[in-house]
Amino acid sequence: MEASCFSEASTDFISNHEERDHMVGQVLVNGFLQGGFYACIGVSFSIVFGIMKVINLAQGTQIILGAYVTYTVSQILRIDPFFTLPLAVIGLFILGYLIQKYIINLVAKGGLVITSLLTFGLNLTLINVALLIWKADFRGTNPWYMGMSLEIAGVTIPYVRLIIFVIALLFTIFLELFFRKTETGNSIQATALNPKAAQLMGIDIGKTYCLTFAISSALGGAMGTLFILAKPISPFTGGDFLIILFSVAILGGLGSIPGALVAGIVLGMVESFSVMFFGIEYQKIALNLVYLLILIFLPKGLMGKRFYG
Amino acid sequence: MVNLGRKGWLLIGGGLCIFLFLAPFVLRGYWIRLLTNMFMFAVLAESVNIIAGYCGYLALGNMFFFGLGAYTVAVLMTKFSFSFFSALLIAGLGASLFSVIVGLPVLRLKGQYFLMGTVGLLELLREITTNISLTGGGQGITLPIFPGGAAAANHFFYHFMFGLMLISIACTFYISKSRLGYAFRAIKFDEDAASVMGINPTPYKTAAWAISAFFTSLAGAGYAYWMSYIDPGEVYQIMPSVKMYLMMVLGGAGTVLGPIAGAFFIEFISELVWGKFLELHLLILGLVLVFVVIFTPKGFIDLFQRGLTPSKLLSGIKANRI
Amino acid sequence: MKKGKVCVWSSWGVILICGLVLVISSELVSAQEAKIQIGAAVSMTGRLAKEGNLVKKGYETWAEWINGRGGINVGGKPHKVEMIYYDDKADPTTSAKLTEKLITEDKVSLILGPYSSGIAAATSAIGEKYGFVTIAPVANGDFVYERGFKYLFSVLSMATGDLVPVAELAVKQIPKPKTFAVVVLDHVFTLPSLEGVKKRSLELGLEEIYYGKFPVNTSDFSGILTTIKSKDPDLLYFGGFFPDAVSFYRQAKELNVNAKLYTTTGTAGHPDWLSVMKKDGDYVLAQVTWHPDMTYKGPFFTSVSYNEFWKKRHGEDSSFFSACGFVAGILMQVAIDKAGSLDQSKIRDALRGMDIETFFGGFKFDEKGKNIAHRMGIVQVQAGKQVLIDPPRPGVKLLYPAPSWKER
Amino acid sequence: MSILEGKRVTKNFGGLTAVSEVDFEIIEGEIFGLIGPNGSGKTTLLNLINGIFPITDGEIHFGGQRLNGLRPHQITHLGIGRTFQIVRAFEGMTVKENALVGSLFGTKKEKNISKAMKEVEEVLDFVGLGAKRHYKISEITIADRKRLELARALVMNPKLLLLDEVMAGLNPREIEGLMEIILTVNRKGITVLVIEHVMKAVMGISQRIMVLHHGRRIALGSPKEIAENEEVIKSYLGEKFARRERTFLKRG
């Protein structure tokens, strides 16, 4: 079966040329738009990873919680999902801050096993809470503009995906500026480079970590809002993000935001082009292979610092 | 607690083994299955202990060896009509070989990156298995049922997992006493210093992972034959991996019997949990994880050593908080 | 070192104590026995929680109902039933363990099966070991029944037949469709149905112009849809989990990929489909194991009266998952009635010889335990309603060809 | 004859040059001092010798064997033992176990653990850690950690011993003790290279001293010559010390 559709998927492109060109254009756009979203969820994971050296296995579920906020609010107030974005951001910001302050900070020095186990424990807990509140049903939104798209030179660009892309992009840029320009941002980066030194400079590590995690969580919340526009969610959806989060963080380089941005888009491209050339069943394989190869052969990621030792 | 001599402990240990060996002849099916399950997790926890607890390389995706073993046996038995044990052997050695091959590049990674690398491998292997027709793809694969009725099957798999556990314990014990063990621990604590003291890290790391892979794969192989139906999404999961780590940490990483004890403890806990609170077990398992890492980051053996007073509990926090 | 050892052993002590406590408690549980205890391990959490809970609801309702009528009639005198539920977390290992627990610990007299083929495959092996009848309410992957089990019975016809009626309907339509495309999730839930309809379509002289298998957790279908668009098939057969189906058809709309007929496995018949997809869900076909508008008659209920009964109890139409659970109960009870005892082998023989119609449809089992008398229903979403179009009913017709996304 | 020889040894980290074109030669059996202000490249030079950093340019030979491109463990097996400036003991192992690693994997790769145990205990007694052999690293003082570092290097039974500031942060009495130990080691025929900031110690025990400044060799000679070398005084020792040292050396 694989063999047959492999050949199918590839032959039809050789067959007809301008169809193929139009195709490439479309695939390019698809990959790009998807990539924007990947980049942003990747960033939300990558900053915690880069700054606190914590692998937040609960990030996926935090994203889903953001989506649930959007779902609930837009259901109750009957408003457009996009307008719930600030609520998702604020809600998850607070949640993230509390989690870091009262849980993760307690084991921040515990090393990798400890923190990873902790975040996984948090993940299970959050999932089960979501399960109790929203049940296992699939929840989705369906605003009036859902599924509408504009067409440019035979390439269709869905509005929703376009908006998602733009917003994701804005968030990423905003975050980068925050880290570069603001004092808080700098102190966070200083902590990332060398916690001890930062402490001597009078930076409150605990507080910085809380802030970092809160920001990451808030960003996740925002991405949740965007996600539920494209796809319905259930409490268990969060796990699906894991490998994307990892890939973006690795490919982009330890905690580098511009890197993550590029990484996200590269992954989006890999995804859609792998479909074009090998057929969709090889999509995930392609993604994972790229991920592992980068991890092994491109130790610095695209724009980050090296990560042996 | 009274301190019996080495002999005393050996006596108790031996007694316990005999007791457990004979247990299935008196216990009812559910208990046999429960214990079999525990033995399986004990093996998994112990094999994680070898690579992570002793050698310090956190192979969170270690479960892909489990899937590898499960599928090797499944395919060999169904498609090439191997006998279980010959398939088993191939599964074990195959996994070790595979660990060496992927280990050469992947073990160059350190800390989080190794951890994430192994998770990547888990995902990759699942996807590949799903896409090969030989493995029955996403539809999974059905193994021949164990011949000879309920009791026979129960006893067979019970003793299989039990034996496997004993072997893994013996192996770990040997390691902890041998040059290997010292090399592993040296690498765990400071790889550069270790190499300056004459240890060439690469072969030792690889060896650690190969041993770990061997046992994990055998457990997977047994599991496949036991369940008689497997599909990729089920044998390539990250959840059991995390459980293994919880067991290791709880029991005490880098000790011979800690992970075993941890495995038994956790399995009992989750068993109790299902019985009582149907819709809350994820929550409770999650909270157990959280509390364990906060209060007993060095496992409850360490806790016993320090004594179980609240102040000691809090000192557990002080160690890691910022 | 020594000290460490002491502690290890003391922890072993703790564990053994835990064990003892557990043994005793379980003894206490299995001590009291008055009624017929029926055990069921279903997914209340995990990926299949939604469906699992609906099946459980079916079981519960059946138990209430049968107790309301005095209970199951065993050899002349009625026994009340008492259900014991466990959560298998949609995990075969757990499910197998719990099934064994039900049989050997709780000493239940009967087992009602779990949700989904993958899990039934594991639990039926246990049932077989102990000679316990397993009636699988919603597990129709052929492979489950190909292992020569003698105590396993399926409520449903096999998955390979799920969507066959769609192909048969389609070829009767004007303009007659010529080509079809298959997009299917590489998973035991979906592959058999799609393979089945594909085979039938080829037999009916339709041409396959695209076949794509996608892995679990595929979020973006635009690549595959772009390919399909360039081939412009008449029929679009899609098989996937709920979220897959939703994002597939949403992106189909976004990329304006049109066909004359859209199909999904189950999902368009799924309770959540309408609420999530709104009007974009229209025109899509799906198979349902049961539907309130079916016209089956049987002991106790007709399709209609069953649904009314359900409405009274729960204030909503019965989902087909619940119906599967409910009818599994009825089967069990009819079989026992016929067997006149709780002896599993007698019950099995009763089921073997069974040939009846119920509100759910016909029941007649072949030697493998497949139900050969049941036929899937096909619904099409019409104006936000899941309308039963097969088996055909007066005044209901398939909307064909479906208007393009732009024209809606 | 020379046991360790460096020809125009150079190391660049990206732009900056940590060690540039340093020539040196260590005679078998001597104690060779290596001094210089912080950041003058002393430790880097050590890291080049035992292969932690790849050498950028030049050559290092150990008893005729070219060291360039060898991995640390290989170099150790040739017979170069080393201590770390920032103590790198294996936390979570006992003092004894720490040392044991050295004897199991060092130059002679002792296979028999119980035999290894014995000599480890001897060495620990020798450096004065015998009583604390079962302590965890976290339980012993800085001085003891330094001793342990030394012990770990000794059990590897090297021909050449590289000591990186083993005396830093110790009180005078402890320093005296360590000097004694080092001299005894040297008497056993082990060549020693010491990096030290404690002038008194390094002047006291070394036969020859090399001074590094900004990664360059600015002087090489006997303690007396070094103490009188104008450039060294200017750049490093400072007048006051030099004067005291001269008078100290005159008295002999």
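The letters A, B, C and D name the chains in turn, as written, and every chain counts its residues from 1.
In this text, a residue touches a chain if its C-beta (ideal position, glycine included) is under 8 Å from a C-beta of that chain, and two chains touch if they have at least 3 such contacts.
Bear in mind that the values here come from a model prediction, so they are computed numbers and not experimental data.
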item: Partner chains shared by chain C and chain D (touch criterion as defined above); value: B
item: Chain at the geometric heart of the assembly (C-alpha centres); value: B
item: Most remote chain, CA-based centroid, reference being chain B; value: D
item: Computed distance of Cα centres, chain D from chain A, in Å; value: 50
item: Gap in Å, rounded to a whole number, between the CA centres of chain C and chain A; value: 34
item: Distance from the mean Cα position of chain C to that of chain B, given in whole angstrom; value: 34
item: Euclidean distance of C-alpha centroids - chain B vs chain D, Å; value: 44
item: Residues of chain D whose C-beta touches two or more other chains; value: none
item: Two or more partner chains touched - positions in chain A; value: 1-2, 128, 131, 281, 284
item: Residue list for chain C, restricted to those that touch at least two other chains; value: 45, 186, 213, 215
item: Full enumeration of touching chain pairs; value: A-B, A-C, B-C, B-D
item: Contacting residues of chain C [partner chain B, same complex]; value: 2-12, 14-15, 18-19, 22-23, 25, 44-45, 85-87, 89, 91-94, 96-98, 100-101, 103-105, 118, 121-122, 125, 128-130, 141, 143, 146-147, 185-188, 191-192, 213, 215-216
item: In the complex with chain B, residue positions of chain D that touch it; value: 50, 52, 71-74, 76-77, 82, 84, 88-93, 97, 100-102, 104-107, 109, 111, 113, 152, 156
item: Contacting residues of chain B [partner chain C, same complex]; value: 1, 3, 9, 12, 16, 28-31, 33-34, 37, 127, 130-131, 137-140, 142, 145, 149-150, 153, 223, 227-229, 231, 233-234, 251-252, 255-258, 261, 264-265, 268, 271-272, 274-275, 278-279, 281-282, 300-301, 304-305
item: Residues on chain A engaged by chain B in the complex (per definition of touch); value: 1-2, 49, 53, 55, 103, 105-110, 112-118, 120-129, 131-132, 205-206, 209, 242-243, 246-247, 249-250, 281-282, 284-285, 288-289, 291-292, 295-296, 307-309
item: Sites on chain B touched by chain A in the complex; value: 52, 58, 60, 105-106, 108-113, 115-117, 119-121, 123-124, 127-128, 130-133, 137, 191, 238, 242, 245-246, 249, 253, 279-280, 282-283, 285-290, 292-294, 297, 317, 319-322
